[in-house]
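Just below sit the structures, each encoded as structure tokens.
Next, two complexes with chain A in common: one pairs it with chain B, the other with chain C.
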Partner chain A sequence: MSVNLSVTLAGIKLKNPVMPASGTFGAGREFSEFFDVGRLGAIVAKTVTLKPREGNMPPRICETTSGMLNSIGLQNEGLEYFLKHDLPYMRKFKIPIIVNIAGNTLEEYAQICRDLKGIEGVSAIELNISCPNIKAGGIAFGASSRLAEQVTAAARYNTDLPLIVKLTPNVYNISKIARAVVSAGADAVSLINTLVGMSIDINTFKPQLANYTGGLSGPAIKPVAVRMVWEVAQTVNVPIIGIGGIMTAEDAIEFFLAGATAVAIGTANFINPTAMIDIINGIERFLSERGLTDIRQLVGKVRL
Partner chain B sequence: MKNPYIAHPAIITNIRQETAETKTYTLEFTKQKRGLVFIPGQFNMISLLGFGEGPFSITSSPLRKEIFEHTIRLVGSLTGQINRLNVGDIVGIRGPYGSGWPVGLAKNKDLLIIAGGVGLAPLRGLIDMAIEQRNGFGEVEIMYGSRKPENLIFTSDYDNWRSAPNIRLFLTVDEVPKGIEWPYGQGVVTNLLKFSKINPANALAFICGPEIMMRFIVRSLLIREFAEKNIFVSMERRMECGMAKCGRCMIGPKYVCTDGPVFSYPEVKALPHNLLAASL
Partner chain C sequence: MFQVKADVISKEEISPGVFNLTLISPEISRSARPGQFVHVLCGDQNDRFLLRRPFSIHRVVPGRAFEILFQVVGSGTDELSRVKIHDALDVIGPLGNGFKYSPEIKSALLLAGGLGVAPLLFLAEELTENHVMFYAMLGAKTKTELLRYIDFKRLAKKTFAATEDGSFGHDGTVVALLNRTVHQLRPQVIYACGPEKMLQKISETAEDFGIDCQVSVEAKMACGIGACLGCTYATKRGFRLTCKDGPVFNGRDIMWGGSDVEQLPLDGYDYETAEITDSD
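Moving on to the complex of A and B:
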């Protein structure tokens, strides 16, 4: 019996619901040595900003119990370089490309959206309003429902592409933020970004990261992410991309049951470069073992 | 028989400045205990002794029975006097009058609410009702335009609307003054319709604004396959006496103040002398 893994997300057809989480996959160059990137449901590019960013001082990554802290600081070559070098490379994979963008001001988000207009191969825009590692913008936009709504609007009125807004878990009420971005026209939401954390080296008494704090990802945050996906699924009726500590197909299934239409894989890519392929195969196996024929039979089906 | 000409005194308990020219007045009857029972889209006659009487939309939610609100823009002598009133002052109220929005038909349907300028006034009660009874209605999309950001009314309500589930609010203005941060749209309200996601087959559209705006909105809705019978417009701008006497608001044989102000599109379409008329 064949299993249908395809889903529609904000109007984009994905052949399967698995994609990389922005910033863990670059433009796919490094991973293309390990597997056929074209097998993924979509490719999500690392956050691009209007101007190049150097990122934060190293060390920028450290391992924690069941997780990882990072404080990269949105290092990237800027939009112009991205359009010239990364996007054409990604087009080769012949799968939907989701461009993740960030800005310091509303106008920067609007500008990037305008610059992406009519560019071949861009299937959707994901707004990063939740990076905890940059000084201006970033998480400041994602932690206030009013600012989150405004930044979504700044993008919405400047693009006809499907708009995904990536939410931060570093808030008291994530559903409120989700409703605010949907009210401004978000077509989908992705959650969660990393949780702000800190780790200290007890031998040197110094923080492990030069930036002192960073974003926590990996299995440590999965239950938080599942809870938030479930909560948001109750209050908005746009599709959700579930993200947060997914290492295996079984982890991904939890997110589908909680209400995610698709999942994005981040930290797992650093441990096992073929993790996403294993997850796609695992989801297929999970469904067929249970006599299920369609991934949508899982979405939101948690029994309460 | 009750005398319909009796104006009931109501006290102003709160005044909120909406724009430079527009204020929202919260009112409470001083004698009647029953409050005001009305349908959103209906209006009251408000009178000030020595200055006259005029029709004004009720802008609060019908679920708030103890108080009601009116949102009034300063345009003439009566509204000029009303604009000078303070909390504690008394006005005369007769009403409610006119046809409201077809709330019964709207149950469990998606609502597409489109307004221009102060045209949002008669729709606010409907929006608040749909928010307070969130399970009684489907999705709510609000498309609202005005001349400049400073002319938008009910801005203090937007956060509340946006924090309700499955509400989308799109804004546009004709002109953004320099130095104002405006992440929303620029241009006519019709431009906002591209953001609509609701299925016209299970939705009603409610429109209020200048007739020329409503004409173009209706045209776009019909292209989007809204059925004519599912489109409703408020022609309230034409009203004067509110009691089918002065004739100022007449559209052909119909009085806006008693047959309307809310009409279905097929009704206004069949009438002559209005910008929504099929004959135009």
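Moving on to the complex of A and C:
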């Protein structure tokens, strides 16, 4: 019995619901040495900003219990370089390309959206709204429903592409933020980005990261992510990309049950470069073992 | 680069807490260059979720296997020290850029501090095969911590040792030994691996004497393949990835102490955005 893994997300058809999480997969070059990237449901590029960014000082990563902290600081070569070098490379895989963007002002988000207009191969835009808005005293766009709504509206006004908004978990009420971005025109939401954390070396009394704090990812955040996906699924009626600590197909299934239509894999790629392929195969096996024929039979099916 | 399940065919504790493992992998042993490393999943279960750990390729058995030499310093290396013969380890490699050399080199000096012998023994074997004459200088705190002395002695034109407690060879650090002897040895190139402070001092000496100096450095890594941008090293040409551009760099290019936050302009979030008008 064949199993249907394909899903539709913000109008894009994915042959399976598994994709990399932004920033953990580069443009796919390194991973293409380990597996056929064309087998993924989609490819999500590392966050691109209008201008190149050097990123934060090292040390930038540190391992923590069942997770890791990172403070990469959105290092990237800027939009122009991305369009010239990374996007053409990613097109080779012949799968949908989701371009993840960030800015420090509404105008930057708007500008990138305009610059992506009509560019071949861009299937959707994902807004990384975990960055501080420098005009609003550095509070992250994603931390306030008013700012989240404004940035989504600015992007929506400047693009006709499917728009995904990636939510930060560093908020009191994520459903409220989700409602705000959907009302401003988001076609889908992805969650969660990393949780802000800190780790201190007790031998040197110094923080492990030069930036002092960083984003926590990996299995440690999975229960938080599942809860947030479930809450958001109760609140909005757009598709959800579930992200956070997914290491195995079983982890991914939890997210589908909580209400995710697709999943994105981050830290797991570092431990096992073929993790996403194992997860796709595992989801297929899970369904067929239970006599299920379609991944959509799992979405939101948590029994309460 | 390859991802392989490599069988452990030998395991030896060559000094207290220092282990040598031989792992079967024709793929990795065939393409490995001295100075490259492997990224190892420590233990065959990994149920505590540990990132991979990087280890230099210590030696290759051509076309068949490779060795790593490591010291137990924390949870990953502790787990790794518990593997049994015939266990299989999940290994990615060979990774990174190794030492550069050409058969035209007239004389080289290999300088190791402690575990720094790990990548340099592989290099010593390659240089020997290519008939490049070299000296070796090994340093450690004590005689028991001095590793691979006999192996280097067999390969190098002359092998010097220095121990900080004077229990073997010269009394003092390997850096002091270098400074005392460099004008006599006059190597064309220095290859060094060891603690960062030692590499900094060696690079300074090399620069004073106009000697090319290649150092193998360390940084915390996540992916090991150039995707996460986590392992940056500050160089005078900007940030470089230790896993992809390194781990061997030219000593002259490195911003020593560059990871001290105060020393470089912080390039945080408020990047060149001040003048842009916000539609807010």
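Structure notes:
Rule of thumb we're sticking to: the second predicted complex is superposed on the first by the 295 of 304 C-alpha atoms of A that agree within 3 Å, B and C clash if a C-alpha of one lies under 4 Å from a C-alpha of the other, contacts with A are read in each partner's own complex, and residues count from 1 in each chain.
Assume a contact is a pair of C-beta atoms (placed from the backbone, for glycine too) under 8 Å apart; a residue touches a chain by one contact, two chains touch by 3 or more.
What you are looking at is a predicted structure, and each value in this text was computed from that prediction instead of being measured.
Of the two partner chains placed by superposition, only chain C is touched by A:T24; chain B is not. By the document's definition of touching, both partners, chain B and chain C, reach A:L106.
With both structures placed on the common chain, the touch criterion links A:A210 to chain C but leaves chain B unconnected. When the two structures are aligned on the shared chain, A:L127 is found in touch with neither chain B nor chain C.
Counted by residues of chain A touched, the larger count belongs to C, out of chain B and chain C. By the touch criterion stated above, A:E149 is placed in contact with chain B alone, chain C being left untouched.
Of the two partner chains placed by the overlay, neither chain B nor chain C lies in contact with A:I12.
When the two complexes are overlaid on their common chain A, residue A:L87 makes contact with neither chain B nor chain C. In the superposed model, A:A184 lies in contact with chain B only, and not with chain C. Within the superposed three-chain model, A:I174 lies out of touch with both chain B and chain C [touch as defined at top].
Residues 106, 110, 150, 154 of chain A lie at the contact with chain B in one complex and at the contact with chain C in the other.
Partner chain B is touched in their complex by these residues of chain A: 106, 110, 145-146, 149-151, 153-154, 156-157, 160, 176, 179-180, 182-185, 235-237.
If you check the complex, the residues on chain C that touch chain A are 1, 3, 41, 46, 48-52, 90, 92, 219-234, 238-239, 258-259, 261, 264, 266-274, 276-280. Remark: chain A residues 23-26, 29-31, 33-34, 49, 51, 53-63, 66-68, 70, 72-75, 103-108, 110, 131-136, 138, 150, 154, 210-211, 218-219, 247, 267, 269-274 touch chain C in the complex.
Residues of chain B touching chain A in their complex: 139, 159, 161-171, 181, 183-186, 194-195.
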